[in-house]
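Chains: A, B, C, D, E and F, in written order; residue numbering restarts at 1 for each.
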Amino acid sequence: MKKDGVKLFVDGKRLDGRELDELRPIKMEVGVLKRADGSAYLEWGENKIIAACYGPREVHPRHMEEADKAIVRVRYNMAPFSVPDRKRPGPDRRSHEISKVTKEALESVVLTHLYPKTVVDVFIEVLQANAGTRCAGITAAALAMADAGIPMRDLISSCAAGKIEGKVAVDMMGAEDNFGDADLPLAISPQKKEVTLLQMDGNFTRKEFEEAFNMAMKGCLDVYEIQKQALLKKYEV
Amino acid sequence: MLGVIADIKKDYIKKLLEEGKRLDGRGLDDYRPIEIKKDLYATAEGSALVSLGSTQVAVGVKMILGEPYSDMPNRGVLTTSAELGPLASPTFESGPPRPPAIELARVVDRGIRESGSIDTEKLCIVEGEQVWIVFLDIHVLDYDGNLFDASTLACISALLDAKMPKVEDGKAIYGERSGSLPIVDTPISTTYAKLGSAIAVDPHLEEEQVLDARLTITTTKKGEICAMQKGEGGAFTAEEVLNTIDRGIEKAKELRKLL
Amino acid sequence: MKKDGVKLFVDGKRLDGRELDELRPIKMEVGVLKRADGSAYLEWGENKIIAACYGPREVHPRHMEEADKAIVRVRYNMAPFSVPDRKRPGPDRRSHEISKVTKEALESVVLTHLYPKTVVDVFIEVLQANAGTRCAGITAAALAMADAGIPMRDLISSCAAGKIEGKVAVDMMGAEDNFGDADLPLAISPQKKEVTLLQMDGNFTRKEFEEAFNMAMKGCLDVYEIQKQALLKKYEV
Amino acid sequence: MLGVIADIKKDYIKKLLEEGKRLDGRGLDDYRPIEIKKDLYATAEGSALVSLGSTQVAVGVKMILGEPYSDMPNRGVLTTSAELGPLASPTFESGPPRPPAIELARVVDRGIRESGSIDTEKLCIVEGEQVWIVFLDIHVLDYDGNLFDASTLACISALLDAKMPKVEDGKAIYGERSGSLPIVDTPISTTYAKLGSAIAVDPHLEEEQVLDARLTITTTKKGEICAMQKGEGGAFTAEEVLNTIDRGIEKAKELRKLL
Amino acid sequence: MKKDGVKLFVDGKRLDGRELDELRPIKMEVGVLKRADGSAYLEWGENKIIAACYGPREVHPRHMEEADKAIVRVRYNMAPFSVPDRKRPGPDRRSHEISKVTKEALESVVLTHLYPKTVVDVFIEVLQANAGTRCAGITAAALAMADAGIPMRDLISSCAAGKIEGKVAVDMMGAEDNFGDADLPLAISPQKKEVTLLQMDGNFTRKEFEEAFNMAMKGCLDVYEIQKQALLKKYEV
Amino acid sequence: MLGVIADIKKDYIKKLLEEGKRLDGRGLDDYRPIEIKKDLYATAEGSALVSLGSTQVAVGVKMILGEPYSDMPNRGVLTTSAELGPLASPTFESGPPRPPAIELARVVDRGIRESGSIDTEKLCIVEGEQVWIVFLDIHVLDYDGNLFDASTLACISALLDAKMPKVEDGKAIYGERSGSLPIVDTPISTTYAKLGSAIAVDPHLEEEQVLDARLTITTTKKGEICAMQKGEGGAFTAEEVLNTIDRGIEKAKELRKLL
């Protein structure tokens, strides 16, 4: 995946002018859809993502329901026009994997025992993509769940760190993701600071990993603050 | 909704409509508030997000180079798809497009195609070998009724917004743009719901759930008819069809001003 | 879809010698299949179509059944050899749309409340196609339903009109459909003269539309007479 | 049919068969009335509709130009498909071919292929580059038993009916014809049902529903065996297999006269 | 399928040195998998096949269950790397047919009435293929069923015969199968010597057929002896 | 397992693990017995069968000539698939790969790809035109837990076993071989299960059924990390993540000796 000869730093700054530990601009808004029980719209750098939550509701097909708790289902989907090369509609292998790890990242904070035999359905639509859509999607999904009033013991906040030209950096954008050396997306429950999503690919020494891990953790906590503001804003009016 | 409650609701909406009134206070010829946002998604060649009341439809235009059809060697190709994903409604399901999504895409596509909206000859790079394939992807975000009109508005807006990629050595350069798409007509679709003896434009969700039949009329700039589609299990009299067309032709002129 | 330079009139007559308001030859026969509850075979110009009706019968899958009425399902299908370029088996997007509007054209006359929790299944197979298969299919389907004894308050009859070289004409055949200016397929319940299917594509002025609409309506009524004869013939023997 | 009634019916049919009788009055070696109509569907290169009692099978031959297989560069290609659509039986369902349709197509295909029925070398246009692909599409219209024999009869009839399109500049001209397909053998399939100790040809639907096992034998003009298929969960003794083959070889000679 | 110019005999012997009536070397072992209720591994010439049996167990989907007996289901599958040209994962038309005839070959000896409303599931995986995989698969499957303790009134044993360069021969290997004149796979219940699978393609005179049939029958009985030894070996230890 | 019994079992396994013990007597850092067999399937370019306790995974390498990706014109292509067929477990079903199989294939693939294990530049035949496509097919035969580690071991073993077909005139000659695949690193995956406060390597099936969360760490020869994947609905503390990585890096060194 790596290519040589692509410069990722200009005058000591990243291509978009950021410092190594600086997040891209992030905007969040909850309650953007009428039909969904909860929803959120999120812009994170050049990513534009909408998430919806339905539930707790009856499970179809019925055989998936669990007698003693709610199940959580997640569908991560990219619009065909969300990437430079048109994506064929429908989930590919990457989408299936992201849906799976996103579900696993979100379900630990849901008080599933309160609503046995039901499902909490979470839908994430990527309308414009530019690296980091899984972290952005998880972040938006957690907001949509909170907006839907799903009882949760904590929020989930997500952010990645990586390595570009040998330097550990937070929240990589497109070119950094394409030509970088490593990527470490993380999601945490921000109050307990527990890790609910962790994936990694590329190349880290043990020391670099720890540095990137801490940077991603810090990023998650920054994201958490923005999430809280978005939720507060809803109740301000 | 099942049984008795659905029947009561249907009777109530029908009585209202027959008195010329609607649940949300509109008249029979009023659209809900319409908002059109363009140039939203930078990864698309063109894009638009249309709100029709609470209904929200996002459309992206993608263009790729490909081969023309052998019977139209000097024309670009238009391909329209619609996704009614589970995000937009509790009744939509994941999976390949079902008949309602296919019908939506095909009716919108016919309006654009048959109006001659896109001058497809200008999308030919090398006759018989290379032309632009234009993908129109309709992505429904919030379904509160009348997807036909919202989608046609969003598609034509996205087409008007689209910038063509440059072509160098037979390859598309997506980073650079060589002008707008050749859009020569702006078809507008108007959809009417019939319930009992009343016929109302722009049905919202609660009306769609109880209507007897639906009629969509798409008209060109000149006021000619380029596509129609009757839907659902009910029926129209001949007189109703002709009256509704007259109403649709007039209403389209108003809507076209929003583009 | 239009092409220039193709002549659709020769000496003032249409390519197959018809007048503007003249239907192609139509033959119908009911009760042509043993296994189906009702069936009909129809030749309409160069179209050859067979339709079958099963029901009212139990609904599978069960969750589709409705507590207070029968449902109607329609499958329109083209044999691979029914068109000059072999069609891949299985429904395409066009078939799905035709199945949907055909169902909607037929269901209004079925007394569905008499058979709650059942389904009336209608299958239309196009064996040879030459423009107008959806009208021909609806017409054959209505016969198959009547042959099956499905209680209906009226028949359904279908016919198209269109515009060729600027002139409004009824019931276009292949070349007229390919190179014509507009197409308006219609289906009606012939006793009440109510419209149960209407689609249109191409280009009509308001005035042309009305002319074509009346011509298609007249065509439907002609088709109705042939349908009645076919049903009578069954009971003659 | 379930449980007791099915058992009673099976016992009755079995008793009849073991006495050499059948529900519809035929003898154990009698076919139902056979009717073959050809040249029915003008959009196909060749076509046939075969009735075997109430069983009806339509077959169309379509020919398109394509590439040969790399290990047979100078031979045309035969592709056989079968659709058991829901029109033909209350037990058939829509959707992609299930194992019974696949088995039907493959057994019919083997009979035609292994008999050398089509001289595929004559279907080569340019060795290694362009040959005729012959599509045999089996479309079952009414299923009243014994699809194997009805389908093989319909396929070979449609092949005998087929006219090859002309080829000009490497393109097929479907409007003009350049003679018949090179058919050099006419395989005939005969299918036997075993129930108890009886074995009867051409099982109709009620026999198929209760049979123990099925045996299909396809033979060439010369009376040689080119394909066989045993079906269903029951078993044949060695003697039964050999006797049934003898009966099938004789019966095929009669059927071939109908072509 | 036949090709000229390929020699299938060298100095009067077959390409792998066998006589006309000689089987390839066969090895069988039962109980090779932990999770399956029964299993068998089989090497037959260059074929390597593993089979598993689960059941009698509950039927999913439920509507397939039969009130008065167990059903038998078979899935024959080839690993992508089991053939020289990689096979796309998932069943093709050939696999579907083999699954169907294998099921029909096996079910006659199962005492299905003992376990109503259940299913006996049989899975056959071809890991390396070299002609004769259906016979090998049936043979392995019967062992797996016996290993699972499925009550059976007999075993099932399978072997093919065919015609190569005009001579009838048993158990053809790859080149013989590709360039041979006829193939006759057989399966029998070896105690009663009844035929439960029989397929044929190619060209046999009536006389050749009988010769091949007898040779395949003899092969099945040889295979039966090896099956019995494999089952005995399991209880030896 | 449902309800009460599952809870009791989970509590028991958790209590054991928190005392540093396991159902099968292993310590928290012990793998089950590992056996690697290579060169098993002659139809594959390379193959391996790995047993991890009762878990058995077969892997075959197939190589075919094809086109490179346009953004990496001088590199071969790696494609990894996994089938969790119904043979291997009563809970696996037939059909296209479901998310667990997709995740397995993708995590194994990332370990191999990101470690630079295969020198893909050496798989280029003609830059921009023809390269080797390497298919790694993971075929699970017996599922008794920890497919990630078994599959990575089997994949890297099969790659080490693989012999490249000869290429003549742009065609692959599968009968002749031209040397080994250019394997320059041997990534090893180590998977840990967390239950309560305990974290144990190589979970067997009964542990997998009750674990809170899973962590897989894939490391290179040099001891650097090239892939990680957390799984299931539970969570890890930061400290647990870092400690588990240290354990995984050490453990991988032991496992690599088995290759």
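Basically, a contact is a pair of C-beta atoms (placed from the backbone, for glycine too) under 8 Å apart; a residue touches a chain by one contact, two chains touch by 3 or more.
Just so you know, these numbers come straight off a predicted model, no measurement behind them.
A.B. asks: Using only Cα atoms to place each chain's centre, name the chain farthest from subunit E.
C.D. replies: So the chain farthest away from subunit E turns out to be B.
A.B. asks: Using C-alpha centroids, which chain lies at the maximum separation from subunit F?
C.D. replies: C
A.B. asks: Need the CA-centroid distance for the pair subunit B / subunit C, whole Å please.
C.D. replies: 26
A.B. asks: Once you find the CA centre of subunit B and the CA centre of subunit F, what distance in Å lies between them?
C.D. replies: 48
A.B. asks: Please compute the C-alpha centroid of subunit A, do the same for subunit C, then give the distance between them in whole Å.
C.D. replies: 51
A.B. asks: Between subunit A and subunit B, what is the separation of their C-alpha centroids in Å?
C.D. replies: The mean C-alpha positions of subunit A and subunit B differ by 32 Å.
A.B. asks: If you look at subunit C, which of its residues touch at least two other chains?
C.D. replies: none
A.B. asks: Subunit D: which residues touch two or more other chains?
C.D. replies: 97
A.B. asks: Head round the ring from subunit B, going the subunit C way, and note every chain as it comes up.
C.D. replies: Cycle of chains, anchored at subunit B and oriented toward subunit C: B, C, D, E, F, A.
A.B. asks: Mind pulling up the subunit A residues that touch subunit B in the complex?
C.D. replies: For this pair, the touching residues of subunit A are 33-36, 46, 48, 50-52, 54, 57, 75, 77, 79-86, 89-91, 121, 123, 125, 127-130.
A.B. asks: Which positions of subunit B touch subunit C when the two form their complex?
C.D. replies: 2-3, 71, 97, 99-100, 102-103, 105-106, 110, 113-115, 215, 220, 223-238, 241-242, 245-246, 249
A.B. asks: Please name which positions on subunit D make contact with subunit C in the complex.
C.D. replies: 40-44, 47, 54, 56, 58, 60-62, 64, 81, 83, 85-90, 94, 96-97, 135, 137, 139, 141-144, 174
A.B. asks: Spell out the residues on subunit E that touch subunit D in their complex, using ranges where they run on.
C.D. replies: Interface residues on the subunit E side: 1, 3, 67-68, 93-94, 96-97, 99-101, 103-104, 107-108, 184, 188-189, 192-206, 209-210, 213-214, 217.
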